[in-house]
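There's a structure below that I have some questions on.
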Amino acid sequence: MQQDIQGEAALVALAAPDQGAPWLTDLRAQGLERFRAAGLPTVRVEAWKYTNLNPLRHDAWQAPGEGTNVRGVRDTELSADLRVVLVNGRLRPELCRLPRVAGLKIDSLARLLAEAPDELAALLPADNDDLPMFDLNTALMADGYVLRLEENAKIDALIEIVSLAEDNEVPLTYHPRHLIVAAPGSSVTVIERHVEGRHRYFVNGATQMVLQAGANVRHYRTVEEGANAVHTHTMLAHLAEDASLECFNLVLGGRLTRSEAHVALSGRGARVALNGAYGLAGREHCDNTTVVNHIAGETSSRQVFKGVLDGKSRAVYQGRIAVRPDAQKIDGHQLSKAMLLSDEAEIDTKPELEILADDVKCSHGATAGELDKDALFYMRARGIPEAEARAMLIHAFLADAVEEVSHDAVRTALANRIEEWLATKTSAEGAAQ
Amino acid sequence: MGDDTNEQCEDLSSSMLDIKNLHVDVDGKPILKGIDLSIGAGEVHAIMGPNGSGKSTLSYVLAGRDGYEVTEGSIAYEGQDLLELAPEERAARGIFLAFQYPVELPGVPGTTFLKGAVNAQRRHREEPELDAMQFLRLMREKTKELGIGDEMLKRAVNVGFSGGEKKRNEVLQMALLEPKLAILDETDSGLDIDALKVVAEGVNLLRSPDRSMLVITHYQRLLDYVVPDHVHVLANGRIARSGGKELAHELEAKGYAEFTKDAAA
Amino acid sequence: MTVVEPDVDPLRAAAEAKYKYGFVTDIESETAPKGLNEDTVAFISAKKGEPEWMLEWRLRAYRHWLTMQDPEWARVKHPKIDYQDSYYFSAPKSKDDAPKSLDEVDPELLRTYEKLGIPLHEQEMLAGVAVDAVFDSVSVATTFKKKLEEAGVIFCPISEALQKHPELVRKYLGTVVPYSDNFYATLNSAVFSDGSFVYVPEGVRCPMELSTYFRINAQNTGQFERTLIIADKGSYVSYLEGCTAPMRDENQLHAAVVELVALDDAEIKYSTVQNWYPGDENGKGGIYNFVTKRAACRGRNSKVSWTQVETGSAITWKYPSCILQGDNSIGEFYSVAITNNMQQADTGTKMIHIGKNTRSTIISKGISAGRSQNTYRGLVRMQPGASNGRNYTQCDSLLIGDKCGAHTVPYIESKNRTASVEHEATTAKISEDQLFYCRQRGLSDEDAVSLIVNGFCKEVLQELPMEFAVEAQKLVGISLEGSVG
């Protein structure tokens, strides 16, 4: 019991009285107060029924220092001309590539809070209930990226965000806060890469997005955290009329990851896609939670999540589509498919519909099962070795989810990344046999 | 003026259906822009026209579908204001619409549906309702007459039916309900020539001196089988030309270009 | 000028759907004092002449109940229930103990059944159905006993079973729903008044459908039926439960418990048509129906099928469930839940797959109208041992009008690689195209809605025994009267 409290107490102790603007001090204090009142969520809290935060409870978490102990940033297929690098949640200008692009401003949250806090006074406060991890982030946020688009700015170049963890002996925690503000008619594509660190760390990020009328944002993430890492992330997005948000969350690593997305479709014609794929092994735990609020009429949403689970891994998908009273002409569709590769893996799905208007078309589907045995046999009968046949089927299963990604280069890169992940996984499996 | 009114009254008394200066908006957009059409008892009228000319709108307005706003004009049916009536009241008075796209009713057996429809009409006519056995007998009689198998009626209404089956089902319903005014909305669309013949034969069997028909079609080929007394060309929301059955052949040869050009001008 | 006048718009206006069976039968009650304490529990047990172990079990339940809280997780709202402001036992007075034939049954009671359209002797003669009628908690008439006795089937009030077959009751009671299970089941365990007991011996196919009509009558009397059905190896039984209740202004609590046990190769089919008073169009009055129903498929190849048509009650809170322990066992749940006006329903099922090759099917059809709230809540769990387990769930909601709510809350958990789970859910409003098509053929709004909704529910309704199916189809129409104008 004593130990249980240690992790939570260590987190709370990291909150320091802020020297910033009074509104910011208040905001942090409120966040801390709400987090303390709720505590680290337990499985008795409905929204956390399937995700146990025990891996957080026993460590004396510390805030990171300068973050000097980083390896360089490797270029990958997803590397782009515009690159933001964060180490331990801190934006590191010397590692970034940020040529001037008309209509686009990328800043460090820390710098803005220090130099022009009032620019953020209307953006940072969030109307949220029962999001203790977001509250914790509010209390402890130190830095992050702030991406702002001017009216009608169409940014063609892909923006790459690389998030690195410093190698360190002590358990580190950091709480980056990112902001994306897209003015009317603007558009942008962002890929966030969360790259594996060797040591024990807990990153609790939050991203706030404001999409004004007709804005178009594509936001992709690959999460490949280290085997000892806990990664929680909360996204809050507001979409005005005719705004469009497309997200894809690819999770291929991390002791425990939870990606939460809360989207408010506040303007007529707004639409959102929250998709993802995951490949899990060992004792990895991956939770995708999506909440879509259809507040305005003629809005649409789509969620497709597919994943494979090996070893003793566990995946969770919780999805809620809520249609508010008088929000008519709504389309909401949700699909979760999981493939279990091992006898000890587990998938828990809770797709929820909450409908308070009548002119709606909402649906959800969920399946869980193993590899298609008939297909496997068919392939083996044609001479394809079993391991190879399995890999082909698994890849086909996950690649299907990646089809949801509309950005061609990103889609190809994600599919390739899945193939690489499978190659390392299946070769390990082959060696074990 | 006085004479005009008298003439109209006379027309009305001899007409099954009398449409005067009908203007209809859909979603605030004018679709029909002043239709005049009079159909006498036992007459078969064909309405032809290019896509988007308002043919289906006319059929829906006659059947009383929601969302079709009559902004001007009138429709009299057997001398009575049709626009005041709910769809089921129109059906009870003998108006039957064969849908261009018959609607699927999952889980509703065809016999249950039709028995309900037949008895609703009988109630309106103050005739005794048919019980299950009587209805079955009536149904067998009609399917035999039309040469249509009754296995369709055992399935849920239109669910999983091919295009041809759906259209045959519409004709079968028409036979059972014995309407006074039958509106056939693109009944030929999506049918191959064999299916078209079956449907057309069914329609011809139902021709009678006290049954009027309004046949809406894009192509002339249906009219080879169901020969109309009058043909009207609907273009841009108005009747651009009226004539005898030969007009259909003329249209087949020349197409609608002439009328769409007029409309654009 | 519009083509269709607003007053015939099929999706607008809400008139009152009248409760057809609203009347009260006047029968003197022999009632326990108001309130709940150990004395009340002892009074009930004594009144029934129960064995000592039964009283002890009740008291254990009561003491456990004192430590529990009303559940709050369901999507239902109601004022807090004052459990001390209720009566926990009432029995209609009869001349000499229990009546031995219909002639001895209170004529007032018989007339009540007639008004409900379920004349007892007609059923006896025509339908071949034995009726164990529970009226105000005590069974007053049991018919067709003889035929059942010949087959060796025990079908009697549970109070009678406690006298005549205590060993059977003791062996199975509380083994599917333990006394500590949940707030309402625990309350029921402490104060249950009566209910049905069925035992079908090994290899016997029960010669007739068994049916019980539950009624709530006396004012302020909570109803706490307890039903226990055991199908021994290789046996089969179909049990029908139908409910109607008289109109009352005050809310009435009904917290029943139903336990089913199916042994090797046995099959139980349990069908319910529930049409209790739903309250008026403003949500005044109506029954609180908080029921725990659970089946244990203990034996290999056993099967339990739940079918329910829920149209009544102000609040419905029930999740007929199957614990699929035996290898190759099968669980089924077919449900229609209709809510209109201010009704609230939170209903669904749990399918817990434990044994190998276990299969389950869930078909749920929810229809919301008026200002009602209708929730499907379900759990499908594949335990690690449930190799080759299969579940298929289809969960559809239909909305009629824009003031109601339809909610779907499924929990799907799989811990077995070879198990397969498939879940589909849809929510949509009643189709304008379908309504118009029906009306073009001459059907009235209400007939069209009834026809379309019956079609929507067909997969469930066809699972009902014939005599129930007809009644249920009518109920579907009656329940939605006034939902379109």
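Letters are used for the chains, namely A, B and C, taken in the order the chains are written, and counting of residues starts over at 1 for each.
The rule is short, and it goes like this: contacts are C-beta pairs under 8 Å (C-beta built on N, C-alpha and C of every residue); 3 or more make two chains touch, one makes a residue touch a chain.
All figures in this text were calculated on a predicted structure; none of them were measured in a lab.
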Chains in simultaneous contact with chain A and chain C: none
Maximum centroid distance from chain C, chain identifier (CA atoms): B
Separation of chain A from chain C, taking each centre as the mean of its C-alpha atoms, in whole Å: 44
Geometric centre distance via CA averages, chain C-chain B, whole Å: 48
Cα-centroid distance, chain A relative to chain B, in whole angstrom: 57
Residue numbers on chain B that touch chain C, as the complex places them: 24, 61, 63-66, 68-71, 83-84, 86-88, 90-92, 96-97, 99, 102-108, 112-114, 116-117, 120-121, 124, 156, 173, 177
Of chain A, residues touching chain C in the complex: 46, 325-326, 328, 338, 340-370
Touch list for chain C against partner chain A, complex: 11, 73, 382, 384, 397, 399-429
Chain C - residues contacting chain B, complex: 1-5, 8-9, 431-434, 436-445, 447-448, 451-452, 454-459
